[in-house]
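Let me begin by presenting the structure, written as structure tokens, before commenting on it.
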Amino acid sequence: MFKLLFFFAILILSSNAAVQDFCVADLKGPESPAGYSCKAVTKVTVNDFVYSGLSAAGNTSNIIKAAVSPAFAAQFPGLNGLGLSAARLDLAPSGVVPFHTHPGASEVLLVVQGSITAAFVSSANTVYLKTLKKGELMVFPQGLLHFQVNAAGVTSVAYVFFSSSNPGLQITDFALFANDLSTKLVEATTFLDEAQIKKLKGVLGGTG
Amino acid sequence: MFKLLFFFAILILSSNAAVQDFCVADLKGPESPAGYSCKAVTKVTVNDFVYSGLSAAGNTSNIIKAAVSPAFAAQFPGLNGLGLSAARLDLAPSGVVPFHTHPGASEVLLVVQGSITAAFVSSANTVYLKTLKKGELMVFPQGLLHFQVNAAGVTSVAYVFFSSSNPGLQITDFALFANDLSTKLVEATTFLDEAQIKKLKGVLGGTG
Amino acid sequence: MFKLLFFFAILILSSNAAVQDFCVADLKGPESPAGYSCKAVTKVTVNDFVYSGLSAAGNTSNIIKAAVSPAFAAQFPGLNGLGLSAARLDLAPSGVVPFHTHPGASEVLLVVQGSITAAFVSSANTVYLKTLKKGELMVFPQGLLHFQVNAAGVTSVAYVFFSSSNPGLQITDFALFANDLSTKLVEATTFLDEAQIKKLKGVLGGTG
Amino acid sequence: MFKLLFFFAILILSSNAAVQDFCVADLKGPESPAGYSCKAVTKVTVNDFVYSGLSAAGNTSNIIKAAVSPAFAAQFPGLNGLGLSAARLDLAPSGVVPFHTHPGASEVLLVVQGSITAAFVSSANTVYLKTLKKGELMVFPQGLLHFQVNAAGVTSVAYVFFSSSNPGLQITDFALFANDLSTKLVEATTFLDEAQIKKLKGVLGGTG
Amino acid sequence: MFKLLFFFAILILSSNAAVQDFCVADLKGPESPAGYSCKAVTKVTVNDFVYSGLSAAGNTSNIIKAAVSPAFAAQFPGLNGLGLSAARLDLAPSGVVPFHTHPGASEVLLVVQGSITAAFVSSANTVYLKTLKKGELMVFPQGLLHFQVNAAGVTSVAYVFFSSSNPGLQITDFALFANDLSTKLVEATTFLDEAQIKKLKGVLGGTG
Amino acid sequence: MFKLLFFFAILILSSNAAVQDFCVADLKGPESPAGYSCKAVTKVTVNDFVYSGLSAAGNTSNIIKAAVSPAFAAQFPGLNGLGLSAARLDLAPSGVVPFHTHPGASEVLLVVQGSITAAFVSSANTVYLKTLKKGELMVFPQGLLHFQVNAAGVTSVAYVFFSSSNPGLQITDFALFANDLSTKLVEATTFLDEAQIKKLKGVLGGTG
């Protein structure tokens, strides 16, 4: 038994060397380009690796009749540094997730209810569009513009997964119209008409 | 209009420079450490980015009362090189996905039906165990042993997502017992009794 | 001298082990997720590592009064796999490089002639905008929307550098309007008016 | 001479910009997914880059007649962030390093004394097994199960090297039996008999 | 309008999840192997992403008749973690940037004034040498020895860009002669004559 | 039994999806920036993962009284893509491995016989020098100049390990003197005297 405990001690030592199996986000610590700081392993519990925030439907009583609920490292600290994250999409009838990109990740979408028409556009401006049924997957390569619209008469639901714990999300309309970039510059850099720009700035809370 | 076409031509050129937005797997071409060769972009269609193989339930009429259906780059070529893949788990009542690892990826699990008890074990031999309900997520850090068992009286279903298009899958029982590694060496390297090893070799088709 | 030649022979051997200092693109070989195949080292010359295609001004006689000339791995094979590429921007008076992203790279811009107003928009929809003089640098983080407009009464010139040999280029207007994505879907996913969409589809050669 | 000093000053400046040639671990600072924080360069000495802890034999007076002594970043701070680490294996006659994995690294083994039989098992459950003599190398791909046993009548010694400064170490027996995971769950997820599990839990200090 | 604001709120939330679009260096925070800590996003301004320090010529009144002015993350904090950095080279007539390497990055050089002869040497000891004119680019693969010399009768200027925000810079002469490494060891490890070494130690401020 | 075989079949399928546990180099196939092409798994044997080429002493009857024997992916195909490689150093009395760099990897050295004085020089021109005894380790950060000299009166032996399967090796003397770079350019870019350069060109087989 003495020998055994000795063995045990040695291996505990070597295991201690490997405590960085994971790096649960300490949201209050310093951030690095690789992500959030790590919470002390002694304070980590299984609840850091479980997230219940996507169990319930998002509120789709809004202009796009859709909700996007993220489970990135900021919401789900156990993901930090592990190269994965998730989000839930709820699309009421006629609901739309407008054109957007994820600057730092590719995405896989899984339809779990209803039916969704999704598409991405390549650098060569080719559209890859498909209507997906429950249980089908679609992949959106990193950084490319894509959208999802409900293709069913009822609410559709999808979960999406990203190749980064911090994929980012840039919705084109919000980037163009929901800030103080001057109408003149938006006009020059999008070829949109002034009236169109002003209209969308009004809708989305932009100024300038 | 002439000027416009000129502009168009210039941008088509620059877009051509960027055709490698994605690298749909050409399963017959040479493989590199980074994955499969890329299919010619001219032959790529939206169907390369969509996978329907996980829509239907896997067959759980087997010893583990469970099925694991992969959607890795070999099954779903559009994933190649994008740092993501997926699989579907079907667990009949009492169904089990036995202890296993993914040598090349972290994993996120989403319960879409029923309830599943899942756990992983860290290098420090700590068990992180939780029973998950529909809509809940759990993350399993790269390379660590983990399992999933049905926690409901009915069939449970989950989808899992990986941080690599080629995560690998090593089921501990199969690695230990479903090959020709001699019983003597298995005994020496696992501390299991000879009878136990021979029994499992018998069940899983191993020899030696 | 015999000893010396022996030493020489040994080191030549070890040097041969390290020939993959670089991987000049063989544009006709198979591509992998990591880039183009490597040209045989015996066929590589210094000219593979030099590119003269950005010496001359691009043609700015077009609708945007601007030219974007890429030096990605497809044009400049010596860059393949080295994590870098370049492009030249020529902006005639009032010239504009419209809103665009690079899905696979961050960018640094250097003004070498005239003055340029540039901006990027973050995921939080904040605009980071600055008018740059000759010799000034600006960085655009990966995947985020950005633009450049001439801020001088004369032609301005900039060179941009990317953190990938294949950064990609997606010009928002072209992605939205220069293909066959239906006007109805563009309308639903951008909130733009139908007339605006049809107008820009007309200008940029789109259909549907 | 004035000019020279001027030159010197300029280059010192540019050298200061590059102080992060290395990132010696500050074990008390915050950790990130990329590793430990960096010790101030002014406090770094050559001793941070040298490790003597593997010079002496590990104690093999234990149940496995073997010792595994790690030199990971936690023991050898100079390795932090450099993508390398090491360990020493001492195997007395009949000594065994039981089945284990390194979740975050590939491994190369070098026999420096005696003879060692080593093997790894692939995802396809194929066993790659070889008896190695002094001076021979064997590589174990990332995350796969492997073991080492003494193949000599005397003590054998090997050094192993990893492709990460934090490779991790998960010994299958300890992960399964040296914690509080219930016997029932171990039984369900390994197909081992209850008696076998209870026996090994007893030996390795597990409960439940 | 109520619905709209609701939508706005939801998307702001998801945008907050993605604030780590960039990681502007906080030079006073802890460093990690991945770079400097991130400045709080609320304190980031456009000036963090703009650098004017390379607008003016460096002082070439020195022994090499050249100046190297870096814009690495330490000088240009917006670059931190983005995989890019820059430097300016000023070469008076007969000016030289002596043999050096960048341990952590590949480099692309752009001539903006005059003419420069540049070369790198491969592991196979092959010299890749070219005289570059204004507007031409040359790439130097990671870690290989290279130099630049003025090839014009007037001052030449180049900008160089690196595939890391912290490329490092090791000037061979300084590494060999500008420190306290003993003349005897320099002699043994370079085959240079003692007198030559002592001469250069004298010029470059070395001792020993 | 039928059910078991069914289970077996399912898991074989999923294992097939994961055959890319490794990528043994096919030295005749196309290379990519990520390394050599992969040999077909069906042709892989354990011998691909074992290398005996470093068992015997290298020939030190040469000018440096030393031998460097590489085990990179070109010699040891099983290493391809796994982020590791090795080499053996034999140093006769007074033997020297002259100043050199590895452009693509960090290195760890293990002394297995005798005693070795080793050093590296940082970007700040600081020398980190130590005399190592048998069993001691030293790490050399990526891309920095370093050397090893025998510190014993007898032959010393070390093994070195790299953080890449293709680390490269650039010996400074050979890069400077063993090719056709003109004496004039070497003089200008190293500050060495013409006579010194011509002498070393003579010794090392250079011209020009």
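Before moving on, here are some points about what is shown:
We call the chains A, B, C, D, E and F, going by the order they appear; numbering starts again at 1 in every chain.
The rule is simple: a residue touches a chain if its C-beta (ideal position, glycine included) is under 8 Å from a C-beta of that chain, and two chains touch if they have at least 3 such contacts.
Being a predicted model, the structure only gives us computed values, none of them experimental.
Contact with both chain B and chain F is made by C, D. Between chain C and chain D, the least number of touching-chain steps is 2.
Setting chain A aside and leaving every other chain in place, the chains that still touch stay joined as one piece. Note on chain D versus chain F: their Cα superposition corresponds to a rotation of 180 degrees, in steps of 5. Across the two interfaces under comparison, B-C and B-D, the one joined by more C-beta contacts turns out to be B-D.
Distance between chain centres (mean CA atoms), chain E to chain F: 26 Å.
With centres defined as mean CA coordinates, chain E is found 35 Å away from chain D. Chain A and chain B have Cα centroids lying 21 Å from one another. Looking at chain D, one finds that residues 15-16, 18-19, 21, 30, 32-35, 82, 103-104, 122-123, 125, 129, 141-142, 144, 168-170, 174, 178, 203 touch two or more other chains. Screening every pair of chains for touch gives A-B, A-C, A-D, A-E, B-C, B-D, B-F, C-E, C-F, D-E, D-F, E-F. Across the complex, chain B is touched by residues 12, 15-16, 18-19, 21-22, 41, 45-47, 49-52, 54-56, 71, 76, 78-79, 82-86, 105-108, 110, 112, 120, 122-125, 128-130, 132-142, 144, 159, 161-164 of chain A.
Chain D contributes residues 30-35, 58-59, 61-64, 67-70, 72, 74-75, 87, 103-104, 166-171, 174, 178, 203-205 to its touches with chain A in the complex. Residue ranges on chain B touching chain D, taken from their complex, read 96, 98-99, 101-104, 117, 119, 121-123, 125-127, 129, 141-145, 147, 149, 168-170, 172-176, 178-181, 185, 188-193, 196, 199-200, 203.
Taken together, the chain A residues at the contact with chain D in this complex read 3-4, 6-8, 10-11, 13-21, 23, 26, 29-30, 32-38, 80-82.
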